[in-house]
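Each structure below is given as structure tokens.
Two complexes follow with subunit A in common, the first pairing it with subunit B and the second with subunit C.
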Partner chain A sequence: MVKKNNPKIILTLFSIIVGIFIATQIKMKLEIYAPVTVKSLQMTKAEIASINNKISELNKIIKLKEEELELLENIAKGDDNIIDILQQDIKYNKLHSGQTSLKGPGIIITMYDNPEDRTIGFDLNDDVIHDIDILNIINDLRIAGAEAISINGERVIATSEIKCAGPTIRINGRSSATPFVIKAIGDPKLLYASVNAPGTYGDILKIYDIGFETTVEDSLFIPAYTGVFNFKYAKPLGKGD
Partner chain B sequence: MKRFKEYIALTLVSIFLGFILSIQFKTISKTVGEGVLPTQRAQQLAVELKKAQNERDAQAKMIEELETKIKQYEMSEVDKNVYAENLYNDTMKYRMLAGYLDLEGPGVVIEINDPPVDLEYGEGYSIVDFLDLVLQVISVLNAADAEAISINDQRYTAFTEIEKAGNHIEINGVSTSAPIVIKAIGRPETLESALNLKGGIVTELRYYDFLVQVNQEKNIVIPKYRKIKEFIYSSPVEEIAN
Partner chain C sequence: MIKLFFALIGILIGAIIGFILPFTYNTSYSLYISVAILACLDSVFGGIRSNLENNFNINIFISGFFGNAALAAFLAYLGDRLGVPLYYAAIFTFGGRLFENFAKIRRNLLFKRKESK
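Let's turn to the complex of A and B:
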């Protein structure tokens, strides 16, 4: 065998070299570039978009605060009065905390338990409206940008509880029973879609034969929160003792 | 003849390798974008992200400065007469209610961690898929007379929505993910026992294998609502004087 370059041997050698080469390459890449996957790229993109949203939000707040500051500076000049400004502030915060009755376009949802008698064997729980059903509907309405919501005449605010209490549901410390009438002010089209579009919670309720009717209204009246609120435990930051 | 066979085998293997490589390239250029290395794109995005974050932080700082300035002005004016002082206290109360004020006080902290991933059966699930339960926790806290609530440092207000978006959730339009930390100011004993009621919400969470911790704390800080809710559709109804 004088023929030195036996193709078989050369081939084997090359294959081994290529194999080692690829293997090291992959190992190296894993160490350095492991986080770069298509998924991580998309996630970073989404994060940037959300931060940009936040920035435009903050810009609005800055503008508002600057206006407020300007007003206060005008006091020093004698153009404005602190009392007017404070009254304005109270009005604004009353509006935002649900202490003001509102009117505007929106939707009315009427929910009631399944009125039909079921044969024995069906789960009766599927026929009855629970607190979680109402919580989900309220959450969907908020996602759709509802500006004010009431359930059976009770304004839903930040501290409103919606809790099953035996045969009734407790809202703002008052008992309510079926049928539940939920009113929401906001963009009527969006609100309507948020509880009626296929796959939404409202749509699923209908499958369980829970009564669920939505009507669009041009003008709705939503009452103010009537409860009295006293902060016993919470204090403004930096003022507690 | 033997030689011929070898050549055929070699050719086939080469063609096969070529196919695999070209498919790989095609997929990458489709998903990442042509002519761009994924690493390059990632670096670009990282730079963009950093820039956006810096801008956001700068703005947050600016708002803080403006707020302290406003507070100083207000205080100096308010001290001048009693009527203004009373009005100012009223203002504070409504700001607290609306959620436009940082609050502190005693209360409870609930931490909900995802169940450990079961290695044997593959993917686990997250609290993100059980937002019903989060809504219920908040309702229970409100029923126990919580005065202020935050979820992952987002103040819970009358407009706060909890929305699932992919594998994370958005609260007040800010994206966040598990673990979920809910803080509530109120009477700590009442809040804790309402949560820990037998068959109550914590039991239900634990039934789904979530790791839940409820702790009473003497001083909890709940941040203010950082969003402007605009009332576009609704207008206030003038209240009849009584």
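Let's turn to the complex of A and C:
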């Protein structure tokens, strides 16, 4: 009798267990049945981080605008002289457009063509400095946070071209020849590392026996951009600041 | 028919107990548990079928009940780690077998009734 009833009792018992689990699962009121994978967790985390970044950036902008508003209110009240403020503005804009001479710590890079008689490889072009070499070095310097750069006394600004012109290189419409002296103001250690660390472009140039010397300077002088800005096609959009 | 109903009654009793009990678990385990539930349901259906066919074995039933549930949950977990939805394997297997078992139960019950008539 007991043996005969066994299956039913056991089945009922285990059915109860299944029922308990089903009920608990229903109780959880799961709205999303998609599984939470590690990947989706990471994606959500990255999303949250980027949104938080945006928020902090917006907060910074709010602060800036509030300061501006305060300034304008002061002008309206007559506490500050508008001419002083505008002159400060001009100074600030000139500094950022490269129209002021600058002084500060940085590095000097001297680059010259392969001075040896023997050449590396078969192509003579490998022993000569090209515009692309200078461009890559300048890009590396900018990545390392260079605030001002000059090549052979020519200030490099946003619109400066660096163009191959036969044996010379044209910068800001003026030709200069080797040796090229690149001056950069910024964190000297970072700048030095950006062109001398193994694997950087400057390091690769040395393999080709191209002269590449870097010196760290406490005080560098970088001249102002002397050209004239002449925008023919670009027109400012909106009111601006 | 009574032979089929005790499982349903059991599930109902269990559901009531489950609703009354304050016991809950972490939401992140819900996928594993639901796959395990499917495996358990399949085992119960299999048990009913074998009971109707009079070849019910307690050891096979219990080992299948817990083993299938554990394996299904483990597959779901492993799939999560590997980034491949392995729990599909459990869903298809146990889901398919569930219907298979149910079909056999139906036939068993219907034919028996015919014979008794």
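FYI, the second predicted complex is superposed on the first by the 172 of 241 C-alpha atoms of A that agree within 3 Å, B and C clash if a C-alpha of one lies under 4 Å from a C-alpha of the other, contacts with A are read in each partner's own complex, and residues count from 1 in each chain.
Note that a contact is a pair of C-beta atoms (placed from the backbone, for glycine too) under 8 Å apart; a residue touches a chain by one contact, two chains touch by 3 or more.
The shown structure was predicted, so the numbers you read here are calculated from the model rather than taken from an experiment.
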See if subunit A has more residues touched by subunit B or by subunit C, and give me that chain. B
Tell me the contact category for A:T12 with respect to subunit B and subunit C: first, second, both or neither. second
Is A:I207 contacted by the first partner subunit B, the second partner subunit C, both or neither? neither
Considering only touches as defined above, state whether A:F21 meets subunit B (first), subunit C (second), both or neither. second
Considering only the touch criterion stated at the top, classify A:K54 as touching first (subunit B), second (subunit C), both, or neither. first
Applying the touch criterion given at the start, work out whether A:V228 contacts subunit B, subunit C, both or neither, answering first, second, both or neither. neither
Residues of subunit A at both interfaces, subunit B in one complex, subunit C in the other: 7, 11, 35-38
Contact set on subunit A toward subunit B in their complex: 7, 11, 33, 35-38, 40-41, 44-48, 50-55, 57-62, 64-66, 68-69, 72-73, 75, 82-83, 86-87, 89-90, 93-106, 131-132, 135-136, 139, 142-143, 146-149, 156-163, 170, 185-187, 221-222, 224, 229, 231-238, 240
In the complex, subunit C residues that touch subunit A: 3, 6-19, 21, 23-25, 27-28, 30-31, 33-34, 36-37, 40-41, 43-44, 47-48, 50-51, 56, 58, 61-62, 65, 76, 80-81, 83, 85, 87
Would you tell me which residues of subunit B are touching subunit A in their complex? 6, 10, 31-32, 38-39, 41-42, 45-46, 48-49, 52-53, 55-56, 59-60, 62-63, 66-67, 69-70, 73-74, 77-78, 80, 83-84, 87-88, 90-107, 131-132, 135-136, 139-140, 142-143, 146-149, 156-163, 166, 170, 173-175, 185-187, 219, 221-222, 226-229, 231-237, 239
Inside the complex, what are the residues of subunit A that reach subunit C? 6-8, 10-28, 30, 35-39
